[in-house]
């Protein structure tokens, strides 16, 4: 293993949904770690063997992003202080860095069905009604301007926006030429696809941390290959699904028959509110059930996943899973678990990990969907398995063979 | 991979604690599977890739064993029917096979401190007061007689007896010559060591499914190497510890800091009653905590394990674990789980798996502690890791490279 | 307190849904208690001070009923044995009494929307298409025939049928004369109302153990008053709602502010299957939420109740409730509970209690909705409070002042 | 009901353990409510019908107290901010009131066995070694000085100190004359008894919120009667035991047979640390088990309570209870709950409630152990029942008949 030297150039981390909870945690957490106020708990790239990879140092990351609302970052931070995710002193002491980030946030692209919420940036609504080609042009102008302004060696664009409404499959997404033709024909597209196209087409890494479409279609995968850019996704695996993909392989390995797996999720933040809407929820729930079915491969298994909006919980995702299983002699047994975690504090360090690992891939010329990052996602673009430990072993192998 | 032909000869499975709950489940479950009444749920050797190994067919297994009590197998079965582990019709239809097993049960060796329970076989008490060399001789006579009587190709001796009282380390256990000298000097030994010595010395495979000493000492490991016999242990990993070794690697892989891990176990069967006694409990609890510490490697972590005797639960082990952990930004989160399973129905299929895998190892000339069987144990004699998935991957590798 | 002498005459208990799980438990449980095979666990009328009331002795109860399916009682019992609710030996030893009950089961009335299930009795479908007046006539003929055949002193009709589909309110239910006119006009009515009318009009006690309409309307309440018959309902309070009405008063008494109360129910029996259908579920869920709101009286509280069909659980209702509450200083706290119980075994003793208490009321000339029975119901017809302890105190007062 | 006019004079609330977590919550919470920054959540005296009693207004309460450590109140508050019990802005804005309270804290009396902790006030150690009569004299001087300095109409002394080590029963506690003789003979006494004697003897109300001996002996009960002062205790019922005394009556009312009730408590604050010591724990656990046995009255029931020290939980008491019960037909069912609450935030409002209710009793001339306050305690001095709802009904009756 030859140790490559770490870059000393700044690298950009562009957050779509820049004023949301996860982005706010990324910003204040990064600031806190760089200034030595908090430890790097939750960051796998700060543990061995990944820490020995020639990753971009955390202090070299420069934050920017898009958002469709006008709420200030300070407001988002105050909300996370109230719900006891962000420590109040950290917010105070990171004010300068937060302001710098805030200055790098441009009006984002509003997805078609999402209209009429309170603090919508009118420029986002306006961009939402532009033609797809113009949307791409203006987004790329923001990205390139950010790179030039900060002298960035590379840029990683991460989609952290709230889950989009569900779109049915379209033929134009199966082939890059068809997709380009659809853009030319001014057929409007989901915002997540426009963003992914903008990033990949401009040669920037792209990560889809949401269940929205993003770069998952054949057309955009082809674009990434053509432009020689790496990408990864979809849907960050942070809580209940992480546990499912850790526990289900155990039942399989012990030849225990899972008869029913019921998963009940409760969430009170803006994500929870948006998932309250059935058209958005359908995107989310698909990924949560698929992992289980893929690992257990038992068509008789009964399963159920729901997400309920419980405002008082704010960012504190609480999930209860009940697994009814059969053992030897037909004995009926059960496992139940309750998971209580801050959704945003679980997601934010993964975003930093992904930004560093994508930057390394870009530097190494790794192109297309990155299989070794499957452990970060509920619906990996590629990687072969939903089983968490198998996915994580692939990441360790990648680190070990570097 | 060259496929060896399966044996068609009978193979013996000798159960120490032959009238206990696990043995009873082994006997009736084996009967039920062989006669096609129940499926092989819980048997990993009946799933791929292990099912493709040239393992002894289940119908070729002949059961025998030792026990220190006089209770009939039918009584043990009735108790398991009452506690809804054994289906009543299975017991009825397996009467002939159960009687055949019962006929093969000889009086066992009583461990020194265990005196005075109700249905103690007086011959066990008498054997308990014989000299170590005589104990070994008489146990070996039982084992060899069983082999001859049934024309067995191989014999696997499995310790399923209740956990022994705790014995402090002795110098004589560090070296085989010293141990032989201690036997000659009539220094009395824990029953589990006498059994292990008897089996290994006679060239039979030995499996220690309990936390008792068994073959774990340097002296007995040397004996196994010298006699060219395989062995495995200690302490079957069936429930709460299995979950710990599945979940702890997840926290590690995500760089989440476990601050406290509290494990509360409740059990109502004879095992639970014996563990109620502090001198027996110490043997058990050591293994349950060690796995966690080894995986997380965090000296600051607070942990606790307890086992309480709750008679009404009978065989239904119920465990509640509470994991308090810290994520990004110092956010405090928790995971708690409740596990409700029949302890004996979880253990029994592993005993059958181990018997088949040890038989294969013996046939292949694999000698000493078997590293690929680590996934079956709380305190593996060898194998390198407590992490369940890593252990299971080693078993898959063994199967795949055969 | 003047102690009345107990009746020595037989009293009839007529079960609508006579082949269902609850009725099966009533039948075998009653047989087991009368024959001294099991104790009266779950029967509050066998504990003081209720046991001192001049209640009909259990051995004097004679069972009969209606059902719309043709499944035999033996089949229902076998299913409950498989799901480990009914002990197999109890079923065997109660065969004669079960057969006697089976002989007293007549084809029931199918509710309009409930068509096309497998083992439907064609006579029930035929009765379902008769005119309301004819339905009443034929049901009353069954009831009266039963009374005459067995020389019954009194008859209590209990609705244990699966929850009916939801019916919107109708003006004709607000007034007895209007309702009689609707019957004359051959306007078809929910089965539960036809049954309630038939019982009350004939002077028999009526208990609605389901969330269906039954006798809850003003019209049927007036009928009961007019005919001088007692009635009670609705919807037996057996599990999660019982706990809610026990725990919610505690939060109220401690001035703790409940911010969210989420209730998730899972059920695998026929009831669960029928509640899987939204039009039936709506009837059920209304009652489960109403109790909580009535006790806590906090319009800001967020609450949610769901019932999911999980076939593998069969009769074993499993519920998880999560209560998020605020204490002094705004500190956020939580209580969660998991309830695992056999739905039918929880309901059956309450049916016996209600039959005995209604018989006493009839003998004493107590007329109309019985307030002292509120503790048995999720949606009491009368009684003033949903708080369980308050309701139970009313029952104790009734017993104490007798 | 004649409505008495509320006092307008200041009333003293003297806290033993004045720098501990509960006292800190009392002080900042009282300040927050009086200044209108937080609502009176958790205060039952602010809800009807109690709010209509002529209670001392919260703004008339003046705080003082004893403590054996030198830690400043500000430090205690900072710790509670870190563990997210106290809101940081409330601490800032209550600085003046907190300083006023701090000025009223005098060195307390160290209990004999409690030596050698870090921040012990040397004056407390010195007082600990004085003769009992001198201890009483100096404590009474502190109390009387406080009354005079602030012109107090009445004083309520509340024991909030950490649980004392367990003392075996002594004959001298059975009779007041014997006790006085023991004091004269300079026989050293538990600190909690000295405090209780000092308060009652001086004519002040006394409340024992801890499991320590306090005023529970016959000798001190006689003293209270003789001096005409009211008192109440012992051991505030705030969490797991509260739930037990709410749930156990439900099992009783439904004639369900509780077979086992296991309670596991975890705590990380100073109380938890002290209870880690077996001699202190014995005092605590006695009360937690007694309530259950008294309500269920079933000698066959198996029960268990434990308290474990889990430092990372700090003030967040987490309890898991598992109830194994039998229903109709012998069906085995279970209820389990997890309670997560801030121990101090649960206790503090009860202290304010008790201070107000004792002041009212003193004004009305109610003497001795106050039966209507049983609902506040795990081991009520008097009141007749452990069932929470019955106890609370007694309080409502008291309020209603005033």
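Labels A, B, C and D are assigned to the chains in the order they are written; within every chain, residues are numbered from 1.
What we mean here is this: a residue touches a chain if its C-beta (ideal position, glycine included) is under 8 Å from a C-beta of that chain, and two chains touch if they have at least 3 such contacts.
Quantities reported herein were computed from a predicted structural model and do not represent experimental measurements.
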A student comparing A-C to B-C should find more C-beta pairs in contact for A-C
Taking each chain's mean CA coordinate, subunit C and subunit D are separated, in whole Å, by 44
So, in whole Å, the Cα centroid of subunit B is separated from that of subunit C by 49
Contacts with two or more other chains occur in subunit C at residues 84, 336, 338
Contact graph of the chains (line, ring, star, complete, other): complete
The answer for subunit B against subunit D in the complex is residues 259-260, 262, 264, 266, 302, 304, 306, 308, 310-313, 318, 320, 322, 324, 332, 336, 338
Subunit B residues touching subunit A in their complex are 25, 28-29, 32, 38, 40-44, 46-47, 84-87, 90, 242-243, 246-247, 249-250, 253-257, 326-331, 333-342, 345-346, 348-349, 375, 387-390, 392-393
In the complex, the residues of subunit A that touch subunit D are 84, 88, 338
